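In structure tokens below, several structures.
You will see two complexes here that share subunit A, one where it goes with subunit B and one where it goes with subunit C.
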Partner chain A sequence: MSYHFAIVGTRDNPLFDLDFGTSKLGGDGLSHFKPEAAHMNQFILHASLDMVEEVQWANKDLYLKKIDSYQNNSIHCFLTATNVKFLLLMNPDPSATPYSQHTPGTTTSPPPRAAANAKHSATLLAANPSSPQTEEAVRVFMGEVYESYVKCTLNPFYRANQIITSPIFRSRVQAAAKKYL
Partner chain B sequence: MPAATDDNTYGVQPPGLDFKDSNTIPLPPPKHFQPSLRYPSSRKTIYDRNLSRPSSTTSLASFAYIFNTIITYHHAKSGSVSEIETRLNRAGYPIGIKMLDLLLYRQSGKAVRPIRLLELLQFIHGALWRGLFGRAADALEQSTSKKNEYMIVDNEPVVNTYISIPREMSQLNCAAFVAGIIEGVCDAAAFGTEGVTAHWAEGDEMWPGKTIFLLKFQEKVIERDEAIKASVG
Partner chain C sequence: MATATTSKASRMGEEIWKTRVDKISAEVLTLTYGTLVAQLCRDLTLPNTASQTDYLAVNAELDRMGYAIGLRLIEDFLAKSQNTGHCSNFREVAEVISKVGFKMFLNVVPEVRGWQGPPAGEEGAGGPVAFSLVLEENPLAEFVELPDDGRAQDELWYSNVLCGVLRGALEMVQMQVEARFTSDVLRGHESTEMRVTLVRYLQDELPADDD
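Moving on, here comes the complex of A and B:
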């Protein structure tokens, strides 16, 4: 159960990113992505920006819910009024994601660990990315991040599309993640 | 490649490297990264502030003083009326970008992104004006001749309260600053403009300071808006 959160600016430029795991149900709060996921996650998130652009002129809400999925990753998006995208990638079992070894058309059998965890992970948010509980949790999480983001932009020294480096912003996002996801 | 050992830290010379007989001076070991963030004495950062202060009011006197300083600065730097207006416009632009997110945040649960042109214009006319000046703008009109031009009218812009324009610069309207804010909002909401300008509305005896903000949207914005209108039905 791992998450990758990124803020993408109006020129599709990354502003902020953070990996974390769930703190619910005995989770340790750390992400357990495979090493190759470090770049794959960014790739998957940026690929979903096309979906955001399709949805954004049809849906007035800030929170666009689940917009894309790739293998067992699913991506939720929150779009601010200034077209800055908050993207949250959730993966119920990172060790089961085949990434480049994946051959389309064949269903990969889940590794033994995933089978053992299946019962446990069924109750996790990321196992049901479209369920109302997940959407509500992500909505609240995004709302907290939005608040911190607005405060960040109100800094007179912050220009639009500038990378967010503030350690306090990071700790705020981490706190929100720990609380809701 | 020699295997890294535990004692191979910066204090101990790695094997095969001897600096004694050379003139080179080894670099000092890198310092541990120390975040240089400094907290204010109250220990409250901008992240601890509350964003939804109800109807916060700023002193008009202090605003007038700062705005006067901005105009004096740009006047001294520029050679023509249009250059002052451009500079004031640029000064307001980042405020618009930030206001859009702030105002939407303050609407909390019922916040929606403006996706139609009319929604954006009503947002500017209502929410933005209320956020900045405590009241809605006085009129919102579409140009009769051109499809992509809209006008927002303010009978008495607050920014011009204490501004007197010398006779030789009578075309100058310092509400160009507000025009810059409007342009920032439009651009940030992905409604690109070809410029927002502030003009004096002449011949109105009741409101001598009446100002018209002219919004010229890009053709592609109009096209997109019509496409959305067609798809919604």
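Moving on, here comes the complex of A and C:
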């Protein structure tokens, strides 16, 4: 169970990203993405921006819920009022995601290892990306990140659409992730 | 005696804050000051560089601005705190700055600490006279994180305008002081602390060419 969180600016420019794992159900809080996932995750997230544009005007809420999926990754999105996108990619079993030999059609069949420990992973948030529990957890997480993001933009030395380098912001996001995801 | 002055000063500070001061939103002040400092950091660069800020120049500029503010602000301060009367010694000055001055303009009361000098009333005896103002919270520095260019943390005194204000204001009431920051939570220190040192009491001096 791993997450990839990214903030995308108003010009679709990346501002911040962070990999982490779940801390619930005995998780160690570390991400277990395969090495090739590092760039694939960014690719998948940015590909989902098209979906964001479709959904954003049809929705009054800032939290757009699950907007896209690819293989066993699901992407949730939260929009700020100034159209900065918070994207959260969740993957219940990253070791089972065959990025390189992906063929259309395998998306629906469960990956082999996920089936092996289905009993354990069935209770994970990422295994049910559209369930109310998952949505609620992500909503609260996004709310906290939004609050930290607002504080970050109030810093006079931060300019809009500038990459966020603040270690304080990073640790706040990590704390929120640990608490809710 | 010191405690009597302290409580009198805090009562007066509270009273003036409640009745005679126009208030504005703290964010307006914080963000305006922040923008000012950030702009100075962009404008004042080291010689022969395009983007490396000369933080010492920024400190000096903030101090200069503060000095100009202080020269005028003292009048406003004295008008609002009419019945203060004279401060009979520098210890009282410290109390009034902290409990009335800071309270009136920033709604914070910095703690007076680290007193150095002869006992009250004997300042004439000589030796340095100084005190520290420790700011529990600093309305100017809310939300601020210093730039992580490796130098700002060691060189920039973000709230340096306050030093200038004290220097300017006290100069108008015949006290020449030196004020500077010695620590700042923005730099990762435990507290935000200013050191104010009395240089001398100014006498009324005639201009040199006045016959």
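The rule we apply is simple: the second predicted complex is superposed on the first by the 173 of 181 C-alpha atoms of A that agree within 3 Å, B and C clash if a C-alpha of one lies under 4 Å from a C-alpha of the other, contacts with A are read in each partner's own complex, and residues count from 1 in each chain.
The criterion applied here is as follows: a contact is a pair of C-beta atoms (placed from the backbone, for glycine too) under 8 Å apart; a residue touches a chain by one contact, two chains touch by 3 or more.
Being a predicted model, the structure only gives us computed values, none of them experimental.
After superposition on subunit A, the partners subunit B and subunit C collide with one another. Ranked by how many residues of subunit A each touches, subunit B and subunit C are led by B. When the shared chain is aligned, subunit B comes close enough to touch A:83, but subunit C does not.
Within the superposed three-chain model, A:57 lies in touch with subunit B and out of touch with subunit C [touch as defined at top]. By the touch criterion defined above, A:155 reaches both subunit B and subunit C. Of the two partner chains, neither subunit B nor subunit C is touched by A:175. Contacts of A:38 after superposition on the shared chain: neither subunit B nor subunit C is touched. By the touch criterion defined above, A:147 lies against subunit B but remains apart from subunit C after alignment on the C-alpha atoms of chain A. Within subunit A, the residues touched by subunit B in the first complex and by subunit C in the second are 151, 154-155, 166, 168. The touching residues of subunit A, counted against subunit C in their complex, run 151, 154-158, 165-166, 168. Interface of subunit C with subunit A (complex): residues 27, 30-31, 33-35, 37-38, 41, 142-148.
Note for the complex: subunit A touches subunit B at residues 10, 56-58, 60-62, 79-83, 146-155, 159-160, 166-169, 172.
Considering their complex, residues 35, 37, 45-47, 49, 51, 94, 97-98, 100-102, 104-105, 111-115, 188-190, 224, 228, 231 of subunit B touch subunit A.
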